[in-house]
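Structure first, commentary second.
Chains here go by letter, A, B, C, D, E, F, G and H, matching the order in which they are written, and residues are numbered from 1 within each.
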Amino acid sequence: MGMKKKPERIYSRPDLQRKKRRCFPEVVFGEGKEIAHLREVVQKIYAEEKEVLITRLSADRFSALHDMGIALDYDPVSRTAMAGGKRDVVGEVAVITAGTADVAVAEECMRTLAYFGIGAKSYYDVGVAGIHRLFDVLEAIRAADCAVVCAGMDGALPSVTAGLVDIPVIAVPTSVGYGASFQGMAALLSMLNSCAEGIAAVNIDNGFGAAYMAAQIVKAIYEKRK
Amino acid sequence: MGMKKKPERIYSRPDLQRKKRRCFPEVVFGEGKEIAHLREVVQKIYAEEKEVLITRLSADRFSALHDMGIALDYDPVSRTAMAGGKRDVVGEVAVITAGTADVAVAEECMRTLAYFGIGAKSYYDVGVAGIHRLFDVLEAIRAADCAVVCAGMDGALPSVTAGLVDIPVIAVPTSVGYGASFQGMAALLSMLNSCAEGIAAVNIDNGFGAAYMAAQIVKAIYEKRK
Amino acid sequence: MGMKKKPERIYSRPDLQRKKRRCFPEVVFGEGKEIAHLREVVQKIYAEEKEVLITRLSADRFSALHDMGIALDYDPVSRTAMAGGKRDVVGEVAVITAGTADVAVAEECMRTLAYFGIGAKSYYDVGVAGIHRLFDVLEAIRAADCAVVCAGMDGALPSVTAGLVDIPVIAVPTSVGYGASFQGMAALLSMLNSCAEGIAAVNIDNGFGAAYMAAQIVKAIYEKRK
Amino acid sequence: MGMKKKPERIYSRPDLQRKKRRCFPEVVFGEGKEIAHLREVVQKIYAEEKEVLITRLSADRFSALHDMGIALDYDPVSRTAMAGGKRDVVGEVAVITAGTADVAVAEECMRTLAYFGIGAKSYYDVGVAGIHRLFDVLEAIRAADCAVVCAGMDGALPSVTAGLVDIPVIAVPTSVGYGASFQGMAALLSMLNSCAEGIAAVNIDNGFGAAYMAAQIVKAIYEKRK
Amino acid sequence: MGMKKKPERIYSRPDLQRKKRRCFPEVVFGEGKEIAHLREVVQKIYAEEKEVLITRLSADRFSALHDMGIALDYDPVSRTAMAGGKRDVVGEVAVITAGTADVAVAEECMRTLAYFGIGAKSYYDVGVAGIHRLFDVLEAIRAADCAVVCAGMDGALPSVTAGLVDIPVIAVPTSVGYGASFQGMAALLSMLNSCAEGIAAVNIDNGFGAAYMAAQIVKAIYEKRK
Amino acid sequence: MGMKKKPERIYSRPDLQRKKRRCFPEVVFGEGKEIAHLREVVQKIYAEEKEVLITRLSADRFSALHDMGIALDYDPVSRTAMAGGKRDVVGEVAVITAGTADVAVAEECMRTLAYFGIGAKSYYDVGVAGIHRLFDVLEAIRAADCAVVCAGMDGALPSVTAGLVDIPVIAVPTSVGYGASFQGMAALLSMLNSCAEGIAAVNIDNGFGAAYMAAQIVKAIYEKRK
Amino acid sequence: MGMKKKPERIYSRPDLQRKKRRCFPEVVFGEGKEIAHLREVVQKIYAEEKEVLITRLSADRFSALHDMGIALDYDPVSRTAMAGGKRDVVGEVAVITAGTADVAVAEECMRTLAYFGIGAKSYYDVGVAGIHRLFDVLEAIRAADCAVVCAGMDGALPSVTAGLVDIPVIAVPTSVGYGASFQGMAALLSMLNSCAEGIAAVNIDNGFGAAYMAAQIVKAIYEKRK
Amino acid sequence: MGMKKKPERIYSRPDLQRKKRRCFPEVVFGEGKEIAHLREVVQKIYAEEKEVLITRLSADRFSALHDMGIALDYDPVSRTAMAGGKRDVVGEVAVITAGTADVAVAEECMRTLAYFGIGAKSYYDVGVAGIHRLFDVLEAIRAADCAVVCAGMDGALPSVTAGLVDIPVIAVPTSVGYGASFQGMAALLSMLNSCAEGIAAVNIDNGFGAAYMAAQIVKAIYEKRK
């Protein structure tokens, strides 16, 4: 059949115009791709941009990237690897979690913000089962440009937070929970039906997407309108 | 075929032992039954118990019951009709709603508690979009024997409430909402995944079931153990 | 039982601190409440704020509000009624729809933005079945502060739009469609899984929620940081 | 990037006011957290409370906690570890299962009740396929303060039990089953739709949550009102 | 366009070989068809078979069939119309319901059995909330050739019944209930996951299908093997 | 507010390049749009193309279009209206239904094919309950260029048909059925999981979409490659 | 805590009256139970009945049962183990599969029938993608007392089979398939919505349950009525 | 029991008439079957046809087929093995993916087309996040006979593509994504609800099925009508 022997076939077309069009270079989704294809994508982007961020990258798959001559910094909690990404830091995003088990998703957000040059502070484990913990950090959150709130299980924290602040709230459902949490579906639905306004949601466990949305907001505040 | 002409057929078998076995007589579910069958059930129970409660009864269907010689008191908000039900009042249940649109479900709970002779106070429209409203009534809620918390949309209020009290919390999801609320499914899932403990849920819009559970708890406190 | 005769019962507790805490007064959700309760909420808010916005209000229910002495302006397309709401206009939101059937949701967004004093321009019926229509208005969209994109059916337009702009994109799934659209679920899932970043979603048909999120972003740009 | 090098970051905020507010100290959810974070939470709680309960803790993860200087008693069936928890025992909860495969969930309930100082007796494998087994233990169950009924598959046992007793019934769906049991969803739905009243449900496999609800009820009976 | 003017088009092809192949003539599903097409089907079958049964026929649609010269006997509870169907009666099916609201589905089963010439006895409103009612009629049920058990809500009755008899049990979930019953889905799942064996399920509200399955079983007992 | 008074707002942008790009002019989806907007779309297209097809148009909504000066031919079974559409007829599509209740969907397909100038023959009511009916017309179906197979309930007919022919099969699930058919979901899933190959599915009740796909195939055969 | 040290606790209550009440002894569900509990159940039943059948038993778990002194015959395809079960064989069940991948489920049925003393013949891999294979064996199937039809993917075979025979058809959806088969849900829904009658369904992959239902039917034919 | 010892049992009935009836020999689905049965099927087909294609074959299972004397060519990306399949190549299918992670599914399609003797060209990683990549290859795609478009996540690419071409588009949802992608369900629903026409969908990850549908179309163009 010989399909595999045709070396000229193109498996990836990184979007090298993205930085110009959308401010940040294409970020690599680390799951699902064949290892050879993953390496190809990372190399094409790094060659052009001199920086690269890879998300949802397991430690196993990261180990298959170590010999590419790119100084990737890997963080096992957030499962992200990055090289370059040096920028001046602007703005401040409050990254909040309901529980300690949501930290991995929040750290994906923190890492992405750092790569994008957006300032961020974390407020972890302040969920509604002990709501005084949220009030303890509320003034600090109000001082941020926008908030990213990660929660699994009942997904109640984004609603409660949004009711208390006047900054945009990006809600991130996490897959933390079991049984009728349906891998984060319960939290997602709760967030979409928030009785507090000024809130919008991203996909389950999508700390990266929340960071991107937050970065667009922060850049609008500090760069576009200056 | 003549099936309808056999008058000896039995369409209902009210459980006339229930009051003895479970403290309260059988309550009639007002939906779905043929009108003739509904009348038959109500009459059989009233004849034996001299009291009856009908739930989920539309105004239309209630009007088909007016000529039965039973002095039914109908409340269109809770869609309940009752006759008799005079008992000494015992205990105190806090019946709470997140919004004003949840009131119909809460009133089904209030009416059922009244029929069962259980004391109740209502705290309506104290949802998390303006959480200070909950704090305004928190001490009063803490003084109750148990709490029934009704919420649609994000269903966050039972979690927040349970985190603040040390009485049993019965969560009632309501079908208030639209879109991804899926007729109360979002609120139900949120409540089942509550990050606060000491909470259990009943069916969507089931104010009656919450009242029954609360009544069992109150009776255990005041009667069984005295 | 006399429950209805106790006039002192409280059915609504409008959050009169909200304007101070969150910039805008409480907006009234027009569905589900008893008419008497709806009137009570509207009156309490208008008495305090001298302005009020009611969403998801059918023409039938609006007609039950005409004798309250409040000069409500009702729009049947967006199903909103408002009084007051005079503010200086700031910023610019691009409100986009995939099809003409999505206009009702987009108009709910437009009306809410107008009430909040946020500038807005509409770009309707530019869906991906004829994608050149989007390119025709792309430069205008890029000049806005943020974009609200409403789409039913495949929900593809927010992804395509987000891939072309560097402003935050708020995605609004609509219930336009049939069969396997599951009343907007297909569009919602598509938006949550957008392969383009810088996008976050609100509930199905929630033009109001998108407007609120957009307003928070615009205010952050023009007011908070000035 | 150096994110991991900032040692001052806070990953957990145990709720050390919970014992005072809700009678019992915070219980640790053993899944999902990074091991380092899990150890941190357990240590913070134990340092303050001199007791700790960890639920949903796999044997693997338990082995990562053995060198913390806390004498944790681990039970592999219920997947719980605890230290301290000595209290006078009060009340009696009947913990019931439909089958032998539901025992792990029931034991999580039993262990939690023991930690909380609530008396409990178990009645296992009395499901409706051989309903005489339930009748054999019915009088003993009726003598308890409340019942926790665990069932997978059809989830029918809580309905049948509630119809026979006058104590509150807490229903626990389990993930026992296959195919259209959808990991306990079938049992959960069955319990939420119980035709018998005086019943409320917790999450699938949530033996811990059932124990907490039961503990709140028992304490209301024996302590609050005495 | 003229599509409607081509009279030779064929809209229905009743299966006139079915009586020979499957013992009973084709039964007409009364929903969804255009009235003209429904009339055509009924006439084609009656012309050939001199008998016809129509199921799921609303009173409105039945009124559109009165002038066809076929003496249809219409029953509004079961929503069935039939003509002919005279046969010797054989066997005995026990048709059981959990509640009175399930009677309409059970009557569709009873009517179909009558049309097919299968004996049947009804045992209605014997659900598990008062399980003694089932025991009252258990000996009579055990004497039947097979049982059809109709239940909505928790759908528990077929499991309990099957655990007590040694005849085949056909379970019919009904759409009786609300909220998380999801129009009978909860009952259906419960029945498919029955912990008792010797049970198989038909579609929600499918009293007709249960009757057909029962008829096949009864005929196998009395006719095929004699 | 004055939003409604700005007459210059654009509610529809018909894709007038579509005929050139995709062979057929834009077809109007008749549901959901405001009547005023629907009229606007129809007029814009007819003015340019001198032909128009409107699908999913209820008789009520059609009556609101009669005074537009366009000679619309309305068919209530398929709920389509069309004007113009005269073309030479090419090719042959076999349009098949499992039952008579599926005819409305099939007729939407037939009407769309007629508008597009594609030949079609119908084979209705040949479902698998009496599979000999399919064999009776099988040779005729095999002579077509492609087949469109409409089925509700179990959705089995497309699989069976595809196993017997060597032409492309377009499967159309219909919402015919009840209970666990979930408005056509059961049929859709069945078709997507067909054990026979050479089959692809469109949305539930989407006779129009099937016609479009068939038209693309027929045109490829007769026009593109000639 | 020492919970595990109380040896008197009862983890299983095998239903030793079942053979008398339901003709066959209790069958052991091999999944989910702790190994110690599984051994206990098997021993209690074998001690009383001198025969035992265990279903859904993985090879791993079977190996933990080899030292119990019971001569278990294990079959890895059907994942069943049995001892004893010698009975005179009566009747004939046709066990049919759509594909070769469905054989494991069908063999669970065959093994259970053998244990119960019911005759059976297998007709495997006769699915509708090549429907002539079904016709090849149709006469043999028609001669059986009832049919068990196992199918995954589209689940179409039971409908087609039922349309061709006059014996009861028990449909068994299997989890064979991928993607939108949702682990057998597609096949299950297809079977519940069968357009052919005389069919009832059991749970996904439930070959055992189908065998039990078939055994009840066969016994009714040959034993109860003789 | 000895069931396994009866060598005469038939576990597979390959459809050896399929090549004649449907142009291509039966293709073997590599999942789920027992290894012994899989070998049997492959051998029976190869013996008759001198060619065979096996899909969804893991590397592990492929290794169990190496000693059968059939020169199978295995490709680990597409998880297909084939022998023979030499045919003249006809036509051209454009095989398109949204991302690099969708390549495995697309390669299953490419390999199947190669086996069937259908020409194909691949256009990978041209998704809507950088839509200019699609425009870069659009003219090439338009020159094909039909298009197969594979996409996970939002599944938007088939809609966008179909809006730009006049060839039939076969949409293949892939399971690429996470969270609310629900293993490809989001992409599938998006494709079924495409606002662009001339599109039909196959099962999630079903590259083989798309190839088969494309082959039927190509053969109709080049062979049937020549």
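By our rule, a contact is a pair of C-beta atoms (placed from the backbone, for glycine too) under 8 Å apart; a residue touches a chain by one contact, two chains touch by 3 or more.
By chain, UniProt protein names: A, B, C, D, E, F, G, H = N5-carboxyaminoimidazole ribonucleotide mutase.
Worth saying up front: this structure is predicted, and the values here are computed from it rather than measured.
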item: Intersection of contact partners for chain D and chain H; value: A, G
item: Same vs different contact residues, chain E with chain G, by half of numbers used; value: same
item: A-C, E-G or D-G - pair sharing over half of the E-F contact pairs; value: D-G
item: Cα superposition of chain D on its sequence copy chain G - rotation in ° rounded to nearest 5; value: 90
item: Far-end chain from chain D, centres as C-alpha averages; value: F
item: Centroid spacing, where centroids are CA-atom means, of chain D and chain F in whole angstrom; value: 55
item: Centre-of-Cα separation between chain H and chain E, whole angstrom; value: 42
item: Chain B: positions in contact with at least two other chains; value: 99, 129-130, 152, 163-164, 179-181, 185, 188, 192-194, 197, 203-204
item: All pairs of touching chains, each written as two labels joined by a dash; value: A-B, A-C, A-D, A-H, B-C, B-D, B-E, C-F, C-H, D-E, D-G, E-F, E-G, F-G, F-H, G-H
item: Contact footprint of chain D on chain A as seen in their complex; value: 73, 75, 77, 82, 85, 99-101, 103-104, 107, 110-111, 114-115, 122, 124-126, 129-130, 132-133, 152, 176, 178-181
item: Interface residues, chain C side, partner chain B - complex; value: 1, 3-4, 9-15, 17-18, 26, 29, 31-34, 37-38, 41, 56, 173, 175, 183-185, 188, 203-206
item: Complex contacts: residues of chain H adjacent to chain C; value: 98-99, 127-131, 152-156, 159-160, 162-164, 177, 179-182, 185-187, 189-197
item: Touching residues on chain G, where the partner in the complex is chain E; value: 21-23, 27, 145-146, 163-171, 188, 192-194, 197-204, 208-210, 212-213, 215-217, 219-222, 224-225
